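Below: one structure, written as structure tokens.
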Amino acid sequence: MDLLRTENLTKKFGELIAVNDVNISIQEEGILSIIGPNGAGKTTFFNLLTGYLKPTSGKVFLKGEDITNLAPYDIVHKKLSRSFQIASYFPEFTIFENIQMGVFNRLGYSYNYFANINKLKDVHKETEKYMKMLDLTEQKEMKAKFLSHGDKKILDIAMCLTVEPEILLLDEPTSGVSGTESTKVFNFIKNLSKKMKIVIVEHDMDIVFSISDRVVVLAQGSILADGTVEEVRKNEDVQKAYLGGFTEGGYEDAISGKSK
Amino acid sequence: MNTTLCLALLFNGIVLGLIWSVIAIGFSLVLGVGQTINFAHGLLFTFGAYFFFSISRNTSFWIAVIAAPILVAIMSLFLEVVLVRRVYGQDPLFGLLITFGFAIAMEEVIRMVWGKAAYSVSTPIFARGQLILGNFVYSRFRILLALFALTILLLVLWFMSKTSFGAIVKAGMFNSEMISALGHNLPLLRTLVFVMGGLLAGLAGVIGAPLWSIKSGMGTDVLMPGFIIALIGGLGSIKGTIIGGLLVGITTSLAVLVIPRFTDIIPYVMLIAVLFYKPKGLYGEVTILGEVRE
Amino acid sequence: MKNKLLFFSLTLIALVVFSLVVTAQEPVKIGIVSPKSGNYADHGEMERIGMYLAVEDFGGKVLGRPIELIEVDSETNPDIASRRTKTLIEAQDVKFFLGAVSSSVGIAVGSVCHELGSIYICTNANSDTITGVDANKHTFRVPPNMAILVRGAAKYVAENLGKKWYFVTHDYSWGWSGTEWGRKMLDKVGAVEVGEVKIPMNTRDMSSYLLQLVNSGADVACVTVGGFDGIALYNQMGEFGIFDKMKVWWTLADYPDSYAIPPEQRGRYGMMEIYWKATPELIEFSKRIHDKYPGAIANVTETNSYHGWLGMKALLTAIEKAGTTDVDSVIKSLEGLIICDNKQPDPTYIRPWDHQFIDTMFFGHDIPGAEGDDITEVLFTAPCKDFARTMTENPIDLTK
Amino acid sequence: MKTKNNILQDPYLYIFIIFLVYPFLPYIGKYRSVGTELLIWSIFALSFNLVLGYSGLPSFGHGAFFGVGTYAVALTLLHLTSKDVTISLILAAFFGGLFTFFYGFIIKKKRGIYFSLLTVAFSQILYVIGFRWDEVTGGETGITGLQRGGFLGIQINNPITYYYFVFVLFVITLLVIRKISNSPVGKVLLALKQDEKRAQYLGFNTERQVWFIFTISGIFAGLAGGLHGLLHLSAFSDTLHWTKSGDVVMATLLGGGLANFYGPIVGAIIFISAREILSSFWDNWLLLYGLAFVVIILFIPTGLLGIVERIREKKHFEQFNNNRNNIGSKNTQEIT
């Protein structure tokens, strides 16, 4: 039974077709990467999966259950969580408070009007667990808005984890992150994939080809290619879509990412 | 209920709707492009009426019709540059409060300058008398004012859809960052739109002065239908504002037969009903941070 | 040593003299609650002018003690008016209050004064309830109420203006009282009602109501609409040519409202509480107002300024008569007081059982096109006592 | 446990003492009805700040729910035989909550400009009803001449006992609202104010949170309105008018409600007493009143206590800036 399945999922903004009749099914194991040029509809696709946008037509199934019209907060309770292209977190909160929010929800405190936060031992313990996991403990009392860009990305992902998802959708986790920190993010995602299904939207070809078990290529809102890293590399249409009819010689280096 | 009365009330609703639309358009443009709630719009309307009253008494009716809106436009330039410009992009409540405070203060200035009494403007000679068709009686002056309002609305409609400035203003509503990205000077655009709103408020004041007699508090009474029609019509949509104005005007005018005492509630109920089903308003394409998600 | 003793005794004497003078000089505090801001600020201003002139007539003193006027802004808001009246009583122990342009403020201030034991003379509110169901021992009311005004004019209107009446009612308690008294007079004067339209408070655009009036086929429009709504209605009546189709009778006509209308659009009949040319004293009083307060909205004696003057004069006369500022004895001396030098043809009498001032009223007609100040002609004057409510009609007991 | 010194730092202590001693203060103590008014407005501003300060919802029609409370008290006292005020105050809070419950459902999805304008629209509906439905609300002349009986038997008719009755309710309200703002829900509200989309993706139904907090603030607003009605023994439609809703917004902003829990109280005290003093000295005081709005928004948008918060945050930033440099350097050696 597949973990996540879409049936001719389509989204139109007026005449613009952002996602065009996408049928995809995502199984249990490994890391799936979704690549494609800007405006291919990757982020819109994530928004449709997680209930942020209502599809113009088509359906989304999570473990067989139809979640098309559910709101993000209901889908999150069904263990499907996602991070954001521009890292989003609570700037005025400290890092501890940011992570604590997800724990509040999972431990059922979201409608608790009277508990004194400092006395909630279970919340405290759980939040410490995540803080250790991300070695952010030294900056525990620092306001999130003062973090470096990379740390913000990690915090965003950490907040997704507090929901203990079975599927984690990561929207360009390393974009805008400098060399040293992107390796830190890269390793972090690597060991996460052991515990849960990970779907990444990514531009960095080195990461895509070294980390993914399966690659899906999106262009103008529809799937161009879907298969292992090797199959996608060889695929004619992918090369054409990516390079727009470059001369013969240039294909290989562009695809292999050396010229970056 | 005899039919002539319903006909008269329907006709009266159209007249009322057109005049309210002139007020609503100014509010809608400022709200659309500048994303600020301009609660001083009612005050600018009042200044239009007072300027029209003073100038028409000392000079001639026609000089006043032209001079009053221009004076109000200059005043709105001052208001935008000194105050409103500092609250663009901040919490919408700030824009609302700063213009609201300015309106309270300036209303007091009006009372200091023009005194606290109510004034009336005498109907110009050419517009006196009534249009009488059988027992359908209607004031000729009101019809002329409605036509004047209609011309203003059509002018703005033409200006917004046909001229390049109009196109930039419309684009400014969709995505203000895009406008500055394309090299247009966004702050200048917002100022010009605010001044345009002021000019429209002044024109509406010229219409309102003879109609509803002039008192310092007349701005707040007119502001409510103004912003409601702007939202019902859809922000920045001129067509929407005109249709919204007619809708509200006609319903309010006919409602006198049904619930004479509570006709003033009609615009508010219509607003809540429209925004509940169509958050962007009837013809609105843009929502300003109105909804978290669809 | 000696001069120190001398110095000490001199200061002692000075102190004693000073305290004596101060007590003798203890000012009589009078609170004035009238609108200084908001839409009715102009009526409030005229009211206060009348009061200042009355204090001036008394040379600024009563019982040999200086008069101290403490003014608070009612903002024509009953909530704020009652709070500020309460503060004056609590903090400055003010025993006497005057003022109020609207009935709601009048009722609110009256109930606070009754609760805390101060006298309140309501100078400009006409709703019947102030000397009716809302009356109390501490409240007096200067202007005539709707019963007097409407009954005083009804007979003349039926005989001279027309028999088919169409009621135009300001849709709140004051407006209803005018129409109710009009309806009660219908069969007495042989008139008949051909319809009614209710105009909600704070309406700007009167067209939808005037359209119902214009082809109602009535002879007379009996209008009880006041304040800015009244001005807007009067102004827009000209537009819809109401005056060509029927006569218009305003149950309560204020001079400032007629004055605000462009001359060629005037033409209403109406019962006025004062007519500035009725007596030489009133004409002289108007000149006095004009000279001292040129900026005022009306440079002749009109309802607000006259009643402000009359209310203050009655209070000061009563205090002089009672010889003390004790509230109960001043109430006693107010009840039944007759003021002869009230600048009117007949004296003013304060009825003891409902604390209503009774004097004369004037039925006038705005002359279309009249310029300057002399814009109304008086058709007849009527004594209020013939039309005031009797005990049977208004059974109230102020002693409780 | 609260250690000794931070009890002294807790502003609650000072506010408690000031209001406790107020009637006995020289000169100003005599103004008991103004003192009671300050307490009532503090309750109103605190509950309003749950919506504005904590959830970031720019409500501009909260005067409506205050007015509903005033009318609830007036109508129950008018029609109920016994002069006991207990039922009327409970009804005031109940109806405040009921109206916010229904209207909250309608606008729970709206934000920003739409939220402000829809709350103005709703308060105007209640104003027109209150102003014109003469048979029930007394219309322009309102409802007057009420008597203040006992509350559960305690006599609260004379000004002093009523002042302390309102003082007790004020203390209870303050503790309850402080409890809510320090509770998990308080944190959720602050979170949805900063980034509502993020909060939704952590599983919070932010629309329902907005709906509930709007209702809770309505309950307290209704209570404050009821106490206002009992203070003046009357009910008028003026508090419902949208221009009056500006007062509680300005009081909350002036005090620094956006930055500090006690901001609304400070704001209410300054704003209401300034209005009283100003209006008794100058005919055209509305000019200053209007300009105050402009000055506050332009120069101290986060209010007086907001300035305090900003200084505290600057210290917080510097403190982390220097120790972050050494953390930063430690991290990089570790990886390479």
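A, B, C and D are the chain letters, set down in written order, and residue numbers restart from 1 in every chain.
To be clear about the criterion, a contact is a pair of C-beta atoms (placed from the backbone, for glycine too) under 8 Å apart; a residue touches a chain by one contact, two chains touch by 3 or more.
Everything numeric here is computed off the predicted structure, so don't read it as measured data.
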Suppose chain centres are the mean of their C-alpha atoms. Which chain sits farthest from subunit A?
C
The chain whose mean C-alpha position lies nearest the overall protein Cα centroid is chain D
Mind checking the centre-to-centre distance between subunit B and subunit C? Centres are C-alpha means, answer in whole Å.
38
Report the inter-centroid distance (CA atoms only) between subunit C and subunit D in whole Å.
39
Per the C-alpha centroid definition, the whole-Å distance linking subunit A and subunit B comes out as 47
Two or more other chains touching the same residue: where does that happen in subunit C?
37, 41, 171, 200, 202
If I count partner chains per residue in subunit A, which residues reach a count of at least 2?
52, 71-72
Scan subunit B for residues touching two or more other chains and write them down.
108, 111, 261-262, 264, 293
Report the residues of subunit D in contact with subunit C in the complex, numbered from low to high.
30-34, 37, 131-132, 134, 138-142, 144-145, 159, 232-234, 236, 238-239, 276, 279-280, 283-286
Touching residues on subunit B, where the partner in the complex is subunit D:
31, 35, 37, 83, 86-87, 90-94, 96-98, 100-109, 111-112, 220, 224, 227-228, 231, 261-262, 264-265, 268-269, 271-272, 275-276, 279, 287-293
Of subunit D, residues touching subunit B in the complex:
52, 56, 58, 60, 106, 109-114, 116-118, 120-122, 124-125, 128-129, 132-133, 196-197, 200, 206-207, 242-243, 246, 249-250, 253, 284, 286-294, 297-298, 301
Spell out the part of subunit D that touches subunit A in their complex, as residue ranges.
179-180, 182-185, 187-188, 190-191, 194-195, 197-206, 209, 212, 313, 316-317, 320-321, 324, 327-328, 332, 335-336
Which of the residues in subunit A end up touching subunit D in this complex?
50, 52, 71-73, 76-77, 81-82, 84, 88-93, 97, 100-102, 104-106, 109-117, 120, 138-139, 141-143, 146, 148, 159-160, 162-163, 180, 183-184
